[in-house]
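Look for chain A in each of the two complexes below; its partner is chain B in the first and chain C in the second.
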Partner chain A sequence: MDIQIKNDNGKIMVTLDGRLDTSNADKFQEDIAPLMEGDKPDIDIDCTNMEYTSSQGLRIFLMLQKSVMARSGKMVMRNMNPQVKEVFDITGFSNIITII
Partner chain B sequence: MKKRFNPIKDKSSEIIEYLMSSPDMPDDEGLRFKLRLSIEEAVENVVRYAYEGGIGWLEAGTSLDHDRLSLTIELRDAGVPFNPLAQDDPDITLGAQEREIGGLGIFLCKKMMDSINYRYENGNNVLTMTKQIKN
Partner chain C sequence: MKLDMHGEMILDEYRERLPIYEKIRSTVNDRLRQCLNENGLVVAALESRIKTEKSLTGKLELKGYKYRTVEDITDIVGVRIVTFFSDEVDIISALVEKLFDIDWDNSVDKRKKLEIDRFGYMSLHYICRLPEALCDDPSLTRIRFELQMRSALQHVWANMQHDTGYKTDVEIPVEHQRSLNRLAGILELADEQFSRIRKEINDYRRNVQSLVASGNFDEVPLNGDTFRSYCELRPFKRLADKIATINQAELYEDSPMPYYNVLVHMGMKTIGDIERMRLENSDSAYQLALIQLAGTGLDIIAYSVTLQNLCIVTILKQGFGEAGLVRMFAALYGESNYNEQRAHRIYEQAQKINLV
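Take a look at the complex of A and B:
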């Protein structure tokens, strides 16, 4: 799992690449720790190349969503592959995270 | 095929890859996704919670039924007796702030597999998960 984080005029652009699973979830959580700070964050997560996520990944996306909401920010996840989208649908995460 | 892993602390990935490389596994990517997810969730459950300090064994195996239409994954351990199927499903209608972090693993197994069964047998937890892989 590769993660890139860029700041584009105040908008935080995140690109995920690979499989998010039990082998790298802790590392992923560390990598996105900076996104848990700051006022009114505007986070855009590109999932085009995210091949897979388990509940370990979902747990972190939920933490991030809660954190963003608590700071009156917004977060979107885009271009999920159908299988990853299904995981978000089945768990009800599609209703609590904006997926486009 | 089956194999006993001992000890299992920090061995989740090795156990998952062992099962995913089984000749019983289908080639279809969509099916493999669902199987990988179910395997990861179930294996993690054992590795994290079955034994104090993760010191103990896990036997992991796959088998096909006689028509080779459905695949069964079996996990066996001698840890604390625990029926993962007795847990309540998470309430997936709650908003983000109300949702609890965690508790999704076995729920995903239930949704991704066709059937999932638990028994406690001769001091072992035995979890079996079955999925139709061919029509």
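Take a look at the complex of A and C:
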């Protein structure tokens, strides 16, 4: 899983590329550490090139979402392919994370 | 006007004690904030200040003769708590009485001082000292500070009085005084009404909770409060546990509240309607989860997936088809391209388990 993080006038633009599963979840968690800091973060995660997420990925997105909410910020995930979206839907995570 | 020697002496004492005043101010402020948090009280404002030299000079010019030493001036450190509701002033004053030593001879409840036909400044002023238990320096306990407590509307009134110069020595015309007094009466009435309405809402919520807890669901109309009370009974827990066993999954406890709008869109009128949906469709909701989750290895699910699947199977059984699901997703997440794709996918899954 490749991750790019850019700050665009205060909005944090994140781009994900590849598969997120047990083999790279720890590395991914380290990579997103900068997103766990700062007040009122505004995070936009582009999932166009995200191929798959496992439960480990869901847990990390959940942890990030909780952290963002605790800091009175907002987070959206966008452009998921149908396979990734299905994972969020059937686990009920679409009810927790804003997906557009 | 220049201060006389006595005034200058008090001013010197004030300057020497500024570090002590700051220590008292911050201790009082921190202790009050902690106390409010511990008691779950949210206030409109907690503010504190040390009287400026300019302000003290003005006071000494006008009535310096009243004070023997600077310790006779009780409002050099001033703290103010502004509550949202007027009845919270009494709750907070009770806490303040436990926290600090109150100088009752010099404290005043201006709410009780007004005559029955007069309206105006209403605030509770306590003159306090820090008790020894809260001080590392015993000298701090000698110095008194003023703590004002009032509601947000009483605060509005006090600020308006101040800004209009109503209390200054300059006489203002009777018609303006009368207008201000009329306004004070309105604010007092509004304060009372806010407190009354809040009490009625709290009573209503308690009634709803007991009605829901009694299990007479058909008598409980569906609204945000009743749905919340119903959810507190954890009615979908058994279904959630059953779905979780599919992949031995961890259950994440999210709120089912977003489904309130969906249930209203589905035409549910009472909590009894939801209960019937749960009893009649839990097996189908589980079957849908089984076909979706089995073999995926996904070992975390959200609690709300129960209500999600219950709503889906109910809509499909009622014959609303993919269009009904699209409307459900729109009510949950807003209009989106995902909604039609997802509805189509679920419809295909439902066909496999003979739901449609």
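Basically, the second predicted complex is superposed on the first by the 100 of 100 C-alpha atoms of A that agree within 3 Å, B and C clash if a C-alpha of one lies under 4 Å from a C-alpha of the other, contacts with A are read in each partner's own complex, and residues count from 1 in each chain.
In this text, contacts are C-beta pairs under 8 Å (C-beta built on N, C-alpha and C of every residue); 3 or more make two chains touch, one makes a residue touch a chain.
All of these numbers come straight from a predicted model, not from anything done at the bench.
With chain A as the common reference, chain B cannot sit beside chain C without a clash. Applying the stated contact rule after C-alpha superposition, one finds that A:K85 touches chain C and leaves chain B untouched. When the shared chain is aligned, chain B comes close enough to touch A:M69, but chain C does not. Once the two complexes are laid over each other on the shared chain, residue contacts for A:Y52 go to chain B alone; chain C is not touched.
Judged by the touch definition given at the top, the superposed model places A:Q4 against neither chain B nor chain C.
With both structures placed on the common chain, the touch criterion links A:I99 to chain C but leaves chain B unconnected.
Among the listed stretches 26-34, 170-178 or 242-250 of chain C, only 242-250 clashes with chain B once the two complexes are superposed. Under the contact criterion defined above, the residues of chain A that touch both chain B in one complex and chain C in the other are 54-55, 58-59, 62, 87, 90-92, 95-96. Every residue of chain C that touches chain A in the complex is listed here, in rising order: 249, 252, 254, 258, 289, 292-293, 296-305, 308, 332-333, 336, 338, 341-342, 345. By the touch criterion given at the top, residues 12-13, 16, 29-30, 33-34, 36-37, 40-41, 44, 90, 92-97, 99, 101-102, 104-105, 107-108, 111 of chain B touch chain A in their complex.
Interface residues of chain A, counted against chain C in their complex, comprise 54-55, 58-59, 62, 80, 82, 85-87, 89-96, 99-100. The residues of chain A lying in touch with chain B in their complex are 21-23, 52, 54-56, 58-59, 62-63, 65-66, 69-70, 83, 87, 90-92, 95-97.
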